[in-house]
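Chain lettering (A, B, C, D, E and F) follows the sequence in which the chains are written, and residue indices restart at 1 in each chain.
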Amino acid sequence: MTNTICPDAFLSPFVIEEAVTQALAEDLGRAGDVTSVATVPADLTGRAVVVAREAGVISGLPLVEATFRKLNAGVKLAAHTRDGVAVAAKSVLMTVEGNARGLLGAERTALNFIGHLSGVATATAAFVRAIAGTKARVCCTRKTTPGLRALQKYAVRCGGGFNHRFGLDDAILIKDNHIAVAGGIKLVLQRARAAAGHLVKIEIEVDTLDQLREVLDAGLADVVLLDNMGSAMLAEAVGLVAGRLVTEASGSITLTRAAAIAATGVDYLSSGAITHSSVNLDVGLDIEV
Amino acid sequence: MTNTICPDAFLSPFVIEEAVTQALAEDLGRAGDVTSVATVPADLTGRAVVVAREAGVISGLPLVEATFRKLNAGVKLAAHTRDGVAVAAKSVLMTVEGNARGLLGAERTALNFIGHLSGVATATAAFVRAIAGTKARVCCTRKTTPGLRALQKYAVRCGGGFNHRFGLDDAILIKDNHIAVAGGIKLVLQRARAAAGHLVKIEIEVDTLDQLREVLDAGLADVVLLDNMGSAMLAEAVGLVAGRLVTEASGSITLTRAAAIAATGVDYLSSGAITHSSVNLDVGLDIEV
Amino acid sequence: MTNTICPDAFLSPFVIEEAVTQALAEDLGRAGDVTSVATVPADLTGRAVVVAREAGVISGLPLVEATFRKLNAGVKLAAHTRDGVAVAAKSVLMTVEGNARGLLGAERTALNFIGHLSGVATATAAFVRAIAGTKARVCCTRKTTPGLRALQKYAVRCGGGFNHRFGLDDAILIKDNHIAVAGGIKLVLQRARAAAGHLVKIEIEVDTLDQLREVLDAGLADVVLLDNMGSAMLAEAVGLVAGRLVTEASGSITLTRAAAIAATGVDYLSSGAITHSSVNLDVGLDIEV
Amino acid sequence: MTNTICPDAFLSPFVIEEAVTQALAEDLGRAGDVTSVATVPADLTGRAVVVAREAGVISGLPLVEATFRKLNAGVKLAAHTRDGVAVAAKSVLMTVEGNARGLLGAERTALNFIGHLSGVATATAAFVRAIAGTKARVCCTRKTTPGLRALQKYAVRCGGGFNHRFGLDDAILIKDNHIAVAGGIKLVLQRARAAAGHLVKIEIEVDTLDQLREVLDAGLADVVLLDNMGSAMLAEAVGLVAGRLVTEASGSITLTRAAAIAATGVDYLSSGAITHSSVNLDVGLDIEV
Amino acid sequence: MTNTICPDAFLSPFVIEEAVTQALAEDLGRAGDVTSVATVPADLTGRAVVVAREAGVISGLPLVEATFRKLNAGVKLAAHTRDGVAVAAKSVLMTVEGNARGLLGAERTALNFIGHLSGVATATAAFVRAIAGTKARVCCTRKTTPGLRALQKYAVRCGGGFNHRFGLDDAILIKDNHIAVAGGIKLVLQRARAAAGHLVKIEIEVDTLDQLREVLDAGLADVVLLDNMGSAMLAEAVGLVAGRLVTEASGSITLTRAAAIAATGVDYLSSGAITHSSVNLDVGLDIEV
Amino acid sequence: MTNTICPDAFLSPFVIEEAVTQALAEDLGRAGDVTSVATVPADLTGRAVVVAREAGVISGLPLVEATFRKLNAGVKLAAHTRDGVAVAAKSVLMTVEGNARGLLGAERTALNFIGHLSGVATATAAFVRAIAGTKARVCCTRKTTPGLRALQKYAVRCGGGFNHRFGLDDAILIKDNHIAVAGGIKLVLQRARAAAGHLVKIEIEVDTLDQLREVLDAGLADVVLLDNMGSAMLAEAVGLVAGRLVTEASGSITLTRAAAIAATGVDYLSSGAITHSSVNLDVGLDIEV
């Protein structure tokens, strides 16, 4: 089968393997697909197509493939698109041929993957479209569904978004508590810079323009997170920064407000909702056995 | 700490252990909470409260507890409510005291759990409220987020809903493909009954009243799934069944339609959206370090 | 190779993978097959046949195949029968060709699987034969060897038996302690029915005919377990039930008593001994290197 | 609680942890003990005793303890004996107090462990008694139930037996195929001695006295396995060896023949049946809730 | 026990748990510490001290603690120093009291951890001392021992070094092959900047001053890796950069050359040898049983 | 591809699988090879050669192969040598062709394996060469890098050395503490012999010739470890033993002293440094993309 991974993103074979194994195992339980064993002959073969029942951006085809293969090593798969592509309603995404019990047993798990991840990708793409024409980018947060971070971050890339930190460990993000403990913005930035290696970026969260000025004076941060600011204040903040730092707007970033926020000149809009509260894309399987 | 598990549901210690380990590991990565190590003294202690920022039904407190304990064996926790309880906005759910680095490192993971599961419980409770006064019950489906089935099914119970099958293996559910392969409703039910053990229930999906009549004539099913029927047709179906089978309405079960569907006398309304497309409940952590 | 799984049962690829990996790992240890490395050239190939040294019902061929493949990806296998078939003594079950070190290293593990599972299947088949001509069925219990439940339940199906619950979670089985806590048979059944979803069956254990009458009066159970009753009492119980519940005889169900018990008209005879105390079937490997 | 591990044997905490987790997980499934959740109040406590319903040698108390603790961290346990002790019928082995749902959920898993392992220990002890008064010892083989090797070998020690190899890697055992490939007994022993490190013993299997003489002439083995010999031939073999090698009788070693075999002067009698075909010891749990 | 983790570094409880479990399991095997079981009474207790037999920087005390606890839950431990401290020869690092079999069984595993990690820390500290008085820092690479990356990177921090990337995923490092594929330094940097999120730093490797000028002209990198340059060329490179990028010297960074390299004004010296080829620090255990 | 495992040693497929998965996972992290995704087209293919940049004994080719395959199922590999072979500097060991992103992502992990294990093999081979012409053999100890025991013991075999115990469980090694607890050499040997099965060897450590005489008098040991003795004392010890036991010299066995020690007639020289403190062999990858 052709490679269906989105070319702009990495999807680890270990993540696929573990996620598919865990998901199939929780569906098969100890006794497996008792319905199909009871009603479908062991050697019957069939053919099925994976169909997007509504328009959206696809994410999850490599997991669909892996799910069918797990229950049926000899299954034949043909992909008709790849992750990251926006498709119309009724688009056929993949054709699958193989043992009928295997197709039926894998169906729900495969659809749960592609429905969820395409939901994240489609929600991301809606934000991307909303700010088209500006220089701003959409990014995600660490507010992800437990256990699904790598997959959801991948889906964000499929939808045209960018990734914020993957975890606590790949960048420094200083928040109010860190500032309070360290005794102020300048002191906390000095501590962070002294401790950080040369490949770790430092971002700091501010709520007010005064805090922002302190950050700019300290001169040690790479990125500033402008938290819960209205558009006017955001615009003023961007003006203050004047390109010296990367700017990120965060907090209550709804689809409705996105264009106005992007128009302030901010570099990034970050949204937790695209990962933790997206709606599944309706993808189904039409089987002919 | 008091037991915070919802008394009407089971939550396996293995599920908690595995979910919390996996979620913390994906957040800590290899280098851990570099921000707190850089800016917070190693032996500073602090106090924090878990607060529901909006009203909802709580689910996930045992996971919050386990998350904090994992990073700080000596943490002190006090729960102020338990899973399954509907709380008002600004309710304090739990108090946590311990090492400050430990609190900050566990914060996002703990909130991701309780936000997601309380979202599922709250969505379920909305359906339950919508059909209050009827004999109908709300239940979930196998359309769950991959890897989270046991937790989401638990959250459905916290919200007052009931659980459909946990997997392919704990009941027989005969769909159109099974019927087609077996050569008709009567034949498929006979095959299923012959193969099933005495502790396995048989449900069969029908789209039309004619199919329903065939099921009733065959007399071998326990439950009938009435798929994608309007309220009028559902009422007619329920009348035909006349208590001989448990009835379940499925397909496009929205909150708006729920009361009308329940009024038909159907026994169960099943919804995939409460698990796969619920919106996180906003739960936060207020830390004093 | 042809599919050797018993067509009436499900055998999860994950169960095979995990069981074979665990069993081979515990045999190979850290240093592996030191004998063969010391005495057999690295590139020698050989041929072997798996032979039933006594008559019995076969169960475990897919595990034998997986065991040989694990140590020798390129091994050639040909199955001469499939799981669930009764074979005569000296029957050749499978032919294996490949690297000699690989064959020798996998031999004992492969035989441990097929010897144990065929022992369970053969013990089950003996019960099935003993009650032939009645409408009764043989089933297993949860008295299984730790870690082997899914495999032993599969072997019971290979032997022509049926499966009782796979675990605590896929049906309700009310015993004396539950009845005592709830305050009586009627109350416990009401609690159970109120809590159970619509795809969960309820079985209740009784020791006396009076208890049985209470169960029948309550009218909420699906199955009744008639525990430790003699044949006469069992017959009377079956008469009282009169088809309103599925009946299961349990406790001291020996091969000697099986026919008399089945003659009472009971639906199921359940035996723990077929899983926890069966005798291995003698299966060997004849190697030509 | 007092340490209940048999003082003559090692039982790894990792083996206990893994075995108990796997066994409980396969019993709890995804939905857990639905019966107790439905019928037993969440905070009810109870008391139970583990009772040997028949006489035998006990093995498995540390696993019983770990099983109860897993579902109920605060359970109180008191052991009244330890592994390796022969007890009379109706002996109370352990007292357990704690949450009632926890006791009921752990019951079957705990009993499956102690029933199986005490069965192995009791079968071993029967052999040990049969040869009492001779210098011979009983030992096990690698014919164990898949996944249970470490536990079964421990149970053999509890029963007074000794352990043969734990796997392919901790000693060299040369069989007919190795001899054939290497071109004879002398050559195979030379190869083995050249390859083996100084902490690896070499055993070789012989079927005839001529083969035995070749082994003795070669002079490089530590142990000789006398396979499938009658008592007279065994006695002759032992005479030939004259103390130069350790001798082990193997093949069809039944309880009936054991005394006669031991009387030949052989050092070890090895039996596969004590591990792969032992009968569970009947151990039960009496609960007061 | 006091927290023995180096205050400047993060050490995940999951990394400790997994590393200690894996290491003890590979030492205990299936049969455990057969020597101690054979020769030491089951209930004997003892006392031991962990002693540095030579001077060095300590790393690994939390693993030593976890190792002893695993085999002896009730062990009493007292730490006399913490990770990151330079100690003299014969320093007592920790006192341990508990079951004698437990102490003996854990000894080698505990020492293997602290010997290896203190070796890495001590090698790092030697580099740090060699460049004392300059502004340069020592850092590690991804040339680590397989499976030990998180632990070795922690040991580098204990020794006063800084961490380069933890993996392929937490920063961009462009090497010659990437440049060649992309068609030149400017193009590759443009591609990288377009693809990278705002929390990912970009480093690029150059071998010549011409390449360095191209990097400076492109203006999109954060860090430049100056590979295999002599001191004179390095000094010229640092002069060219003039503080616009962070500079890292790499390739053949020996202890002998370190001071001269640091004197060039370079920001970082990176060494693979401190992780992949360090010599164990000699740490022993003195037991009194 | 041809089998590249050293013909004199066993390398478990499970060890390879687990080691490669763990090592790649720690390098790929959550976001994978962000550099290659950003700069290398998804479908570009390339060719690479694994080259020994210095002379040494090779160990680790099967892990190199598995590493490349993991990221690129369709990769083509050709081995030009096998483990255990001594190669000259600049020798091409393996050719690899496949997806360019896959080659770049696997590069460092593959080299970390072969560099480390060839380092161990080369260090071992140096000892073997140093004692050539004597009957002595070189062996390893349990002083291995945590988590790498099976691989390092394999590398010792590749280098021409022999393996001491793989763990605490495959032989008895009595040290000073065991002797003290048991009340003397004779008593400890009697206890050990009584407890040990017939396939377990007994080694005992002595520091003085008087202790050695006690061991010889007791007559129950198989091997004696002569600890920290000078060459003269070793020679005297070997003379005392007079072939009745296998002799092993241990403690401060440096390459410089090796020949003199071997000349004493001792059977084995054991070295911890060859596993815990060896220097990586410089192996690189030349890629053409």
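Points worth noting:
As a convention for this text, contacts are C-beta pairs under 8 Å (C-beta built on N, C-alpha and C of every residue); 3 or more make two chains touch, one makes a residue touch a chain.
Please read these numbers as outputs of a predicted model, since none were measured by experiment.
Note on D-E: across the candidates B-E, A-E or B-C, the interface recurring with over half of the contact pairs conserved by residue number is B-E.
Taking each chain's centre as the mean of its C-alpha atoms, the one that lies farthest from the centre of chain C is E. The distance from the centre of chain A to the centre of chain B, each centre being the mean of the chain's C-alpha atoms, comes to 22 Å.
Between chain B and chain D the centroid-to-centroid distance comes to 44 Å (mean Cα coordinates, whole Å). The set of chain D residues touching two or more other chains comprises 8, 10, 26, 28-34, 37, 41, 149-150, 163, 166-167, 169-171, 195, 200. If each chain is drawn as a node and touching chains are joined, the picture has every node linked to every other.
Residue ranges on chain D touching chain E, taken from their complex, read 3, 5, 7-14, 149-150, 153, 163, 166-167, 170. The touching residues of chain A, when paired with chain B in their complex, are 19, 22-23, 26-41, 44, 100, 104-105, 108-109, 111-113, 115-116, 119, 142-150, 166-175, 177-178, 180-182, 188, 191-192, 194-196, 200, 272-273, 276-280, 287, 289. Note for the complex: chain E touches chain A at residues 8, 10, 137, 139, 162-166, 169-171, 195, 197-201, 203, 222-223, 246, 248, 267-268.
Partner chain F is touched in their complex by these residues of chain B: 26, 29-30.
Against chain D, in their complex, chain E makes its touches with residues 21, 24-25, 28-34, 37, 41-43, 70-71.
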